[in-house]
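Each of the two complexes below includes chain A, the first together with chain B, the second together with chain C.
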Partner chain A sequence: MTMDLLLDQVRGIVQYYPVILKGLGVTLALSFIGIVAGTTIGFLLGIGRASSNKWLAFVVGAYTDIFRGTPVLVQVFVVFFILPEIGVELDAFTAGAIALTNIAACFISEIVASGIRAVPVGQIEAAASAGLTRLQQLWLVVLPQATRMIVPSLVGQFVLLVKDSSVVSAIGLLDLTRSGWVIVQNIPNGLLVFSVVGVGYFLICYPLLHLSRRMEKP
Partner chain B sequence: MLLNLNFRVIGETLPDFWLGFVSTLSMSLTAFAGAVAIGIVACAMSIQPSRFVRAPAVAYVDVIRATPLLAQLYFLYFGLPNFGVLMPEIMVGIVALSINSGAYVSEIIRSGILSIPRGQVEASASSGMNYWQQMRLVILPQALRPMVSPLIGQAIVLVKDSSLLSLISVLELTRAGQTLANNRFMPVEGLATTAVGYLIIYFGLKLMAAAWDRINPSSARQGRP
Partner chain C sequence: MIKFTALNKWYGAHHVLQDINLAVAKGEVVVVCGPSGSGKSTLIRCVNGLEKFQSGSLIVDSMSVANGANLRPLRMELGFVFQQFNLYPHKTALENVTLAPIHVRKLPPKEAVSRGKALLEKVGLGDKFNAYPQQLSGGQQQRVAIARSLCMQPKIMLFDEPTSALDPEMINEVLDVMVALAKDGMTMIVVTHEMGFARKVAGRVVFMDKGAIVEVAEPEAFFTAPENERTREFLGKILHH
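Showing the complex of A and B:
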C-alpha cells in the first residue's frame, strides 16, 4: 500500500468525525443508562438472591441464570424482534438500553449476593440484638460492608457492559462499532478504521480497568 | 403468543439447529484450544523479569480487555484483506475468538501462578532447582487446580461470544435461529430454540465447574465467581 493512499484514507476518516462522535455518544449514553439502571436493579435482585427465603432466592437465581447463560446478541434480538410481537414497539436505542440494563442487572446481582454472603453472620446478629429491624440491618449494616467489598468487581462489570454495548450495532443502532462499520464501506481499510474505533473504546475502558485493578490490591 | 410456540416448525428445522449447535461447539472448542496456547505464551512473557519481554504481553492483554470483541472481529474481518490475507469467515472468527480469550486465559494463569506463596519459590530455589524445575515440580502442580474453575468460566464466555460470528455470516447456533426467524417469520420460535441451545452448553459447563469444586474444595475458595 502506498503512502499517498494511506494518507488519503486517514484524511477520509477524519472527515467522518461527526459519525464517529455520534457513535461515541450513543455508546456512552447506552453504557451510562446500563450502569445506573443495571446497578440499581442488580442490587435489588442480589438482595433477593442472598435472601434467607429459599423460594425467592431460587426464582431470582433461575431468572439471572437464563440471561447469564445466553449471548447478549440473542437477548438484543429477543427484545428488538419479539417484544413487538406482543405489541410493544421499541426503537433500536430503547431496545438496546433494555437488553443491556437487564444483562448488567443479572451479572451484578450475583456479585452483590456474593458480597452479602461474605458479611460475617456476627455482624447481623449484633445488629439484630441492637434492636435494628430487618430493613435497618440490611441498609445500615449489611449493604455498606458488602458494597465496599464488591466495588472492584462492580467496576470490572461496568467495563464488560461498555464492551457489550457494541452488540447493539447488530440491530442497526449507530454506536461506536456501527460507525466503524459504516465508514469501512467507503474507506476500505479495516485495520485503520477499526483501530480508530478501538481507541475510542480503549479511552473509556482502560481507566476503568486500571481503577478496578488498583482497588483490588489491598 | 409466547405460550403458543409452533413446535411443528421447530421440529422441522431441528436438523438446522443441530448443525448450528455442533458448529458452535466445535468452533468454541477450537478457539478455546487456541486461547489456552496464546494465554500460556502471553502469561509466560508477562512474568519475565525483562521489561522488553513483558511489555508486549502486557500491552496485548490490556488492549484486548479494553476493547469489544465485535470491534476486534471487524478489525480482522475488514482488515486482513488489506494485507492480502483471505481466509474463510469461520477461520477469521476462530482466530478472533482465540486472540480475545487468550488475553483472559493469560490473566487466569497469571493469577494462579502468583497465588503460590513466595516462600515456596524461595524454598525450591534454595534446594538447588533451576527455573524450569521450580515451574514444573513446585509452582504449576499447585497453580493448576485453582485455575480450572475460572478457565471453565472463560469457556462459558467464549461459547456465548461465538454468537457474534453470526454477524460475519458464519453458520452457527444464532445464525440458525435467525434463519428460521427470517425464512418463516417466526422470531419467537427461532430465538427461543437458539437460547435453549446455549443454555444446554451453559448449564453443562456450570455443572462441570461445580463438580470440580466439589472434588477440589480448595479451588472453590480461590476461584473467581
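Showing the complex of A and C:
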C-alpha cells in the first residue's frame, strides 16, 4: 500500500467524523444508561440474592443465572425480535438499553451479594443490638462496607458493559461499532477503520480503569 | 430487671442452656464465668435476643424477650459490648458513638454529638473523636464500643468477654471504665474471667459448666469457699498462675 493511499483513507475517515461521533454518542448513551440503571437494579437484586429469605434468594439467583449463562447477543435479539410478537414494540435503542441494563444488573447482583456476604456477622449483630431496624442495618452498616469492598469488581463490570454494548449494532443501531461498518463500506481498510473504533472504546473505558485503580488504593 | 425462668436452649441435639434460673436486680453487677463452651456467651446473648431459646421465659425490663415485637424497644435499653468490639470500620469513633442515638433514638445530631463527645472523654478518648477504628488499639476500640453503648443511655449493660481479645497491657484501661460504670449504679451482666474485676464490683458471681448454672455466690464466698467441686477445679485452673 502506498503512503498516498493511506493518507487518502485517513482523510476519508476524518470526513466521516459525524458518523463516528453519532456512533460514539449512542455507545456513550447506552453505556451510561446501562451503568446507572444496571447498578441500581443490580443492588436491589443483590440485596435479594443475599437475603436470609431462602425463597427470595433462590428466585433472584435463578433469574440472574439465566441471563449470565446466555449470550448477550441472543438476549438483545429476544428483546428486539421476540417481544414484538407478544405486542411489545420497541425501537432498537430502547431494546438495546433494556437488554444491556438487564445483563449488567444480573452480573452486578452477584457482585453486590458477595460484598454483603463478606461483611462480618458481628457488624450486623452490633447494629441490631443498638436497636437499628433491618433496613437501617442494611443502609447504614452493611451496604457502605459491602460497596467499599466491591468497587473494583463493579468498575470492571462497567468496562465490560461498555464493550458489550457493541452487540446492539446487530439490531441495526448506529453505535460506535456500526459506524465502523458504515465507513468500511466506502473506505476498504478494515484495520484502519476498526482501529479508530477501538480507540473510541478505549477512550470511554480508560477513565473507568483509571478510576478503579485509584479506588483500589486504600 | 432481668429474670431467667427454666430457660432451655438446644443447638440440634446439643443442650447448650439447661434449665437456667437467674434474676438480676436493678443496679446489680453479675459476673458470669466458666470454661469455654459452658454456655456463658450464649446466656448473655439471649438477653438481647441475639440467640433464641426454645423453652422457659426471659423477662428483661418487664418485656418478654421471646416476643419478637419487643426486641427493638428492648435493645434500645440494652447496651451490648462484644469480645471483638465490632465497631463500624467505615465510621469515625464519634460517628460510631452517635449513629444509634441519631437513627434509633431520633436525637438531634447536635445533641448526639455533644453527648457522644462527653462519653468519649469519659472513657479517656477525648483526642480520638475523628479516628477510625483501624487507627485505634484494641483497648481504645473497646472503650469506644462501651461509649457507643452508653450513648443510647441504656438501663442495662451486657459485656461478652470484653477483655478476652485484648493484649494484657490494655485490659486494665477497659476494666477501669467498667468499674466506674458499676460504681455509678449501672445494672450489668459481665461474662469474663477477670476475677479481680469480679472481686471488686460483682454483687454475685455465676459459675457455668456444660450449659448449666453450677454455682451462684457473692464474690467473697465464691472465691474463698466454693461449694461445688467443678467450681473449685475451675478456680484452681484460672487463679493459680
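Couple of notes before you dig in:
By our rule, the second predicted complex is superposed on the first by the 215 of 218 C-alpha atoms of A that agree within 3 Å, B and C clash if a C-alpha of one lies under 4 Å from a C-alpha of the other, contacts with A are read in each partner's own complex, and residues count from 1 in each chain.
In the analysis below, a residue touches a chain if its C-beta (ideal position, glycine included) is under 8 Å from a C-beta of that chain, and two chains touch if they have at least 3 such contacts.
Quick caveat, the model's predicted, so the values are computed rather than measured.
Once chain A of one complex is fitted onto chain A of the other, the partner contacts of A:212 are absent, as it touches neither chain B nor chain C. Residue by residue along chain A, chain B and chain C are tallied for touches, and B comes out ahead. By the document's definition of touching, of the two partners only chain C reaches A:148; chain B does not. Of the two partner chains placed by superposition, A:157 touches none, neither chain B nor chain C. Residue contacts after overlaying the shared chain place A:133 against chain C, while chain B stays out of touching range. By the document's definition of touching, of the two partners only chain B reaches A:114; chain C does not.
Shared-chain residue A:73: touches chain B; no touch with chain C.
Chain contact summary for the complex, chain B toward chain A: residues 1-2, 62-63, 65-72, 74-82, 156, 160-164, 166-167, 174, 177-178, 181, 187-188, 191, 194-195, 198-199, 202-203, 206, 225.
Across the complex, chain C is touched by residues 120, 122-123, 125-133, 136, 140-141, 144-145, 148 of chain A. Touching chain A in their complex are the following residues of chain C: 48, 50, 72-73, 75-76, 78, 80, 82, 84, 86-90, 99-100, 103-104, 148-149, 152. Residues 1, 65-66, 68-74, 77-78, 81-82, 85-86, 110-111, 114, 153, 159, 162-167, 169-170, 176-177, 180-181, 184, 188-191, 193-195, 197-198, 201-202, 205-206, 209 of chain A touch chain B in their complex.
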